[in-house]
Structures are given as structure tokens and as C-alpha cells.
Amino acid sequence: MEVCGISNVTLRDFSCEQSLLSRPDGSSSFMQGDTSVLAGVYGPAEVKVSKEIYDRATLEVLIQPKVGLPSVKERSQEQNVRETCEASLLLSLHPRSSLTLVLQVLHDDGSLLSCFLNAACMALMDAGLPMSCLFCGVTCAIAVDGEIITDPTAAQEKECRALLTFAIDSKKCRVMMSSTKGSFSVQELQQCIAISQKASEKIFQFYRDSVQRRYSKNL
Amino acid sequence: MQIEISPNVFVQRLDGRQTYDYRRIKVSFGADYGCCFVELGETRVMAQVSCELVAPKESRPNEGILFFNIELSPMASPAFEAGRQSELSVKLNRQLERCLRNSKCIDTESLCVVSGEKVWQIRVDVHLLNHDGNLMDAASIAAITALSHFRRPDVSSVGEEITVFSPEERDPIPLCIYHMPISVSFSFFQQGTYLLVDPCEREERVMDGLLMIAMNKHREICSIQSSGGIMLLKEQVMRCSKIASVKVSEINELISKALENDKRARKAGERCGYAASLPRGRITALKMDETLVDMTTVMDTAKEIIQEAAVPSEPSSAKHTRAASPVVPAPGVGQVGLGLENSWGLEEDVDEEDEGKGEEEPQMEEQHHERKPRRGVDVVEISDSEEEEVVILHP
Amino acid sequence: MAAGFKTADLLEYYRRFLKENCRPDGRVLLEFRPTTLNIGSISTADGSALVKVGNTTIICGIKAELATPTVEAPGKGYIVPNVDLPPLCSSRFRPGPPGEPAQACSQFIADLIESSEIIQTDDLCVERGKLCWVLYCDLMCLDYDGNLRDACVIALLAALKNTQLPEAVISTETHLPVVDLEKRHGLKVCKHPVASSFCIFDESTLIVDPTDEEENLSTARITVVTEEGDRLCAVHKPGGMSLSGQKLQECINRATVRQKEIQKLTDKVLSSVKTS
């Protein structure tokens, strides 16, 4: 029960490219190991009258699966990503306008939801939208023997007993979003949150490095 | 009206290309089999091939099924709406079907497992990621390359039992492709005075007409389609088909090279896929190697939080640490939380209100039904008294 | 006067109450609304339950049908939950295909069934690779006043415990399934998960079992699902205001108490049905 594999807590290699698409106002691709997601942001633009909100912008998040049409599973992921973005974006600065965030799965090799969040944050940054804080996604898997694995691959996800994904904010390192699968104990939950908070530091450092590199003019 | 395309007219295109130039084409592959990315200038397309065992069509019991789906993702252009079939998507879908299904470039009979019962359905999903013109050419290159890259699982059928082998058990099998048709688009301006190959989005916006020729490297035309309402002369079409044959053989060579490279890389066990093809020399791209997360304080933090919360910090939350016992007023009906710990002193009223609502339940006694109207009046009074209470609390 | 204040600035109206550790409907912050459970409300369904949490009313009907198992899992049956939010239950739902709240809730229930393993899907198999039961769990909201998820979970669980499956066999002569409607047996429900929903007001005020109004005004929503033995099978927070581990622990502690309460309620009502 109390076993906690300290050795296995690594994040796979990360890479990210911003502004890679010409049409969207902001775009990014984010890779965690082989898992890759492409994100594009449009807006602030004109909003449909039926979706208009008088005191803030309307954010729409669309997740496009690789094969077939979006299903109920994508809808629920969309809700998670949208409400996380809504909490960090300063939407009241663009009232009566629309923001659209489209996320395209390029390859799923585990930790997909956290990759969606990371790609979304990088794309929102690239679009230059005002945000109160940044956010990142971390996925933890709890193996059958109680060992905690961060950023699991698809094979590790299949074997694990529980899968927890958190969105962590950059301001206070607290939990913005939580989505879980499988059953786990209270201890395991708190350990996973603590690990995610530690891992988020690394991801935020990566965000900072990539922004610094962009504006530094030298490779 | 000038009818001849005069090559003497010097045409300068917005992006500096010559009349017959294609933009830069880049073909790369995903980590899965049957996943292909195509960049045509700024236009970006992804194709993914998948397969499934289904019952065949009644009219063709021993042929596999090919299914094409072009997704105009709202990422590609703000004009595209999610989940809606637009005129453009129908047109592109039709053209892709004509180019790849009706040309019989794929052997569908080899996709039959049990005649009349089980065949493979090959599904091609083409996602448009960035729209900078000439979507059709990019989509056709992506689709045929993905089909050539795809491997389906091996199957065996003994009697009624059909076994599908995983890639570990038996090597997956490529599709049988006879030839590779590729679409080449020509845009016409001023009633056919000017002709441009591979129009970009800005050129497409002002063009008068479009001619799409799908051709394979044996210079066989698989489909020809003219749209936009311009009349073309025989000579113009002939000229276009000549240009197309040159372009098709160039693109075919590019695809074969890309397929070969990928095959070699996979054999050598190199890392392939989208993540591996990230450009290095750009300031907008960054890579970070695998990192270790510092775990030294994690266990303590988790323990601390749990212990801290075990002691209720406020006296008000203390009463919520024991479970209340439920009440069963009638068989099949139970209630919990009737005016529990109600600091407003309205227990009885709330109680009655809920019983009144409970009467919707079928098992309630007759007597309750009779009392219902009076209860309704009670409810109104409760809400009234609540408002009065508010005034007292915050004068 | 109070009514005018409420109309003018609803959020401020709520803040005044929350500052005094109570809510406009008379509850304290961590208090649930009265919960009423009725089991076996629909006689034509194989299992049913009606739940009221305050004004929120959910009815759940379970229909069992025979089907062929999937190729991937030949020894298992399956459960198909569906949450419906018809225009009847609130003015904010429109007729037509299910909207995002309904779809997200359906997915939440489906995930919950999978995570908590309420029912061993092996039990639903009649004959391996040939015949199995499919349980269609339709959850219909009759009145929407917030906290949909808690009510749905209680209704689903009570309805599953109430379900009586007829006996089915494949006849050896005709190779067709034969159903004996007279002989029925209950489902084996192994776990007892209970959901507890919370809302965060402003920065840190935590309230339990929010009404529709409270849900709209809040900055974040959390649903914690607990089982017996203090196990968790879902901590769902779709986004919104960020929350510390400590605050989350408070939610979990309240949820464990609620789990015991609801388990007692369900058991007591079930036994009252059996004895009568």
C-alpha cells in the first residue's frame, strides 16, 4: 500500500513548436514522448448572437480525434480543457467576442489529456491572449503494486490500476482541473497531487525557456 | 476573348513562384502505420488510415470497402465550422473518391476474408490542418501516401472462427496498390487567359475556374474535373494534362523516396513519427530531454495534508463527521437529511414540505393525497418567512 | 427589500449569507439538502429508482436486453448509461440532441461504472462469445436544481440494486435464446460508490450540494466519489478556480460521511421493499 516508486518518476522528453500554422492567430504543437497534439487558436473574433455573453468572451474548445468523428469522450475532455482555459484567460477583457481553440490529436501514446492542456496553453500564449496565470497538465498512473508513474505511455496506462490527470496553475501551484479513472486511496491521491506539483515546475520552466528562446534572436 | 494561354506573358505570383511551379512539398510519417503528414507550402494536411472487419455490400460480396472522409477542421480556416457538411467538403470528398476509389488503384478483392461475410473496411480520414489553397492536391498526396504506408493485421479463418493476429504475433500486411493517382490543380484567370499551377489561398479567392486532373505516373488520367463555370478549349486541356504528367512523375518520385526513407528508419529501429520530425533550427521550437522529478518531500507533504484535515478546523464542520440515520416513512421510500441541524429553526416546515413532495411516490397512503392542497399553501408561507428572516439578519 | 437586493446583485446577496456560514435556503455550508429515495417506481422496467435531492429529481430505469458480446471481450456483458436533460426539467435546456452538460454527465457515469466496478461485467455473460446481457440505464432529469451528478449516482445505484434479471439460456435444440420471465434473480452489486458535489465561491468558500443558482455563481465545481473503506473512485474537477490539496482533503472528508449516510438509506429502503 505504502510503496511508492521514487525511481520511476520521470517526464518523457518534451518538445514544442509555436506559430507553425499560418492561418490561426496562435498555434502550437506539443509532444510528450510520442504523444503529439496540434493546437490552433482563433480570436478574439465576431461571435454568433446565440453564443454571445455580454460581459466576457465566449470560449469554444473543439477536440478532433484522429479517426472518426468526436464522441462523448471528446465532449467531456473538451469540457475539462475549456473550463481550465476559462479560469486562466482574462475573458472579461474581450466582451461579446469569440475565442476558438481547436485541438487535433496527432498521435496518442498515453497522457493525452495532459498533452491537450500543454498544447492549449502554448497556443494561447502564442496568440497573445491575456491570461492571469499559465497552466500545465500532468498525468500520473498508479500501477497494480502501488507504484506511481508520471507521464505514462499508452502501454503503462493499460496496465495501471488508476489514472489521474491534473492541471496545475503557475501562480500558486494548485489544482485547477482533476480527472480520474480507476479507484485509489486518499494517500495515493495526495501523493499524486504533490508529485504533479513538483512536475509542473519542470514544465513551467520549459514554457519559460521556449518563450525566452523565441525572443532571444539566437539559437 | 483571348483563348490561348500565352507563355510569353510574364506572370509574377505573389509568393515569387513561376506559373508552373509547385510550392515546397514535404511528406513525413507518424509513429503509427498509415499516418502521413503533407505540407504543401503553408497548406498542411494529415491522413490516417484505419481498418475494421465488417460485412460486405450485398452487391459485391467478395470485395473490401474503401471509405474516405475529409474533415474540414475549424483549425484550418475560421470559415470552416465543426461537424457541418459544407459544399466544399462534399466536393473534396467526391473528388478524392473519384481519384482513389473509382480509379481502382487499390485491389479490393484482396481485402476479402470470408466471402459474403467478413471483409476489411479501409477508412481514410484526411484532416485539413491549415488552409492555404490547393487542398485537393495536398489531400490526394496525403491519402495515397498513407494508404501505401498502411499495414493491416493478418487474419486467418478456420471454419467459422476468424482470428486477427496482433503485430507481435504476425507481421502486418501492406495493401495491394497498383498505381498512385495524384491530383494536380490548375486555376484560370480572366476567362482562361492566365493559368497557374498549385494556386495558393489568395489566388483561389480571385480565380475564375479550376481544373483538377488526377493522373498516375503511367500518364493515365484517372479523373478530370472542371469547375467554376469557364469554358476550356481542347488545346488548353491537352496542355494542362501535359503539365500534370510532369508534376505527377515528380511527386511520385518524392513519395517513393519518403516511403523508402521511412522503411529504412523503421528497420534500423530509429525513432520515427511526428515528434522525431520536429525542426531543430527554429527559434519557435524547443526540445527538453527526459527529466527526473524531485520526490524528496512528496510523501511528507501528502501525509501532512491528510493529518491536518483529519482534525476539523471549524466547529461548524464537526457535526458533519458522523452519518445521519435515514427515515423510512413508507415501504420503498426513504429520506435522509430532514431538517438536519437546521440553524433556522424551520425543521417542521421543511419536514412537511418534503413529505408533500414525497406524495408523488406511488406507494404513499391515500390520506396523504387528501392533505396535499393544504400543504401547498404551507410551502408558500415558508418562502415568505424566509425573506423576513433575511431582513432580520442583515438590517 | 431582500427580494430587490437579490435581483440587483445576486452574487453579493450570496456573499452576505456565506459570510455568516449559512445559505439562503437555510442550510449551513456543508449540509446536503433532504434526499428522498424511492425504489421500484417503474413497474415495467427491470429496475428503477426515483431520487430527489432538494428540488432536483432524477428517475432511473434499467432495461436489460440480450445481445452478442463484443469480439474484444467475448466473456463480458456491458452497461450503457445515458443521462437525459429534457427541456421539461429546466428552461435552459433546449430540445434536440443532447448538449454538453448531458454528454459530460453521461461520460462521468460511464467512467464511474468502469472505475468502481459496481457490477462485474462477467456476471452479465450468459454464454461466452454467444449471448450476454446489456443493461441500458436511462437517467432522466425531471426537475433540475443543481447537483445533477450526486442525484444520478444515487438513482443509478439504487436502480441497479433493484434490478431483477430474468433467467436466460441458449436452448440446446434450436440454438436460440430462451428467456424465462418467471424466474428472476437480482444483480450482484459489489460496490457502493456515492458522489458528493461541492462548489467554491470566490477564493475559498466551500459549499456542498449546490443548487442551480449556486452552481452558476460559483468559480469552481468538484465532484468526489467515495466507496466503502474510504476508497475514492473519482475526483472530478472540470476546471475553474484552482484549489489546494488541503481544500480537496476537506471535500473528501465530507464525502466519506455522505457515503455512509446514503449507503444506509439505500439499504434501509431496499429492505423495506423486500419485507412489504
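For clarity, chains are labelled A, B and C in written order, and residue numbers in each chain start from 1.
Heads up, the rule we're going with is that a residue touches a chain if its C-beta (ideal position, glycine included) is under 8 Å from a C-beta of that chain, and two chains touch if they have at least 3 such contacts.
Chain-to-protein mapping (UniProt): A = Exosome complex component RRP46; B = Exosome complex component RRP45; C = Ribosomal RNA-processing protein 43.
Every value quoted in this text rests on a predicted model; they were computed, and no experiment measured them.
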From chain C, the most remote chain by mean C-alpha position: B
Most extensive contact between chains (C-beta pair count): A-B
Interchain centroid distance [CA atoms averaged], chain A/chain B, Å: 18
Euclidean distance of C-alpha centroids - chain A vs chain C, Å: 28
Chain B-chain C separation of Cα centroids, rounded to whole Å: 31
Sites on chain A at which at least two other chains make contact: 186, 190, 193-194
Per-residue overlap in chain C, given as positions that touch at least 2 other chains: 245, 249, 252
Residues within chain B bordering two or more other chains: 301-302, 305-306
Chain C-touching residues of chain A, taken from the complex the two chains share: 72-73, 75-76, 78-87, 162, 164, 167-169, 171-172, 174-186, 189-190, 193-194
Chain C to chain A touching residues, read off their complex: 100, 103-104, 106-108, 110-111, 114-117, 219-220, 222, 227, 230-245, 248-249, 252
Chain B-facing residues of chain C, complex: 1-3, 16, 20-22, 24-41, 50, 52, 245-246, 249-250, 252-254, 257-258, 260-262, 264-266, 268-269, 272-273, 275-276
In the complex with chain A, residue positions of chain B that touch it: 30-32, 35, 42, 44, 46, 48, 50, 71, 73-78, 82-83, 123, 125, 127, 129-132, 273-275, 278-279, 281-295, 297-299, 301-303, 305-306
Touching residues (chain side chain B, partner chain C) in the complex: 301-302, 305-306, 308-310, 312, 316-317, 320-326, 328, 330-344, 346, 350, 354, 357-358, 361-363, 386-387, 390-391, 393-394
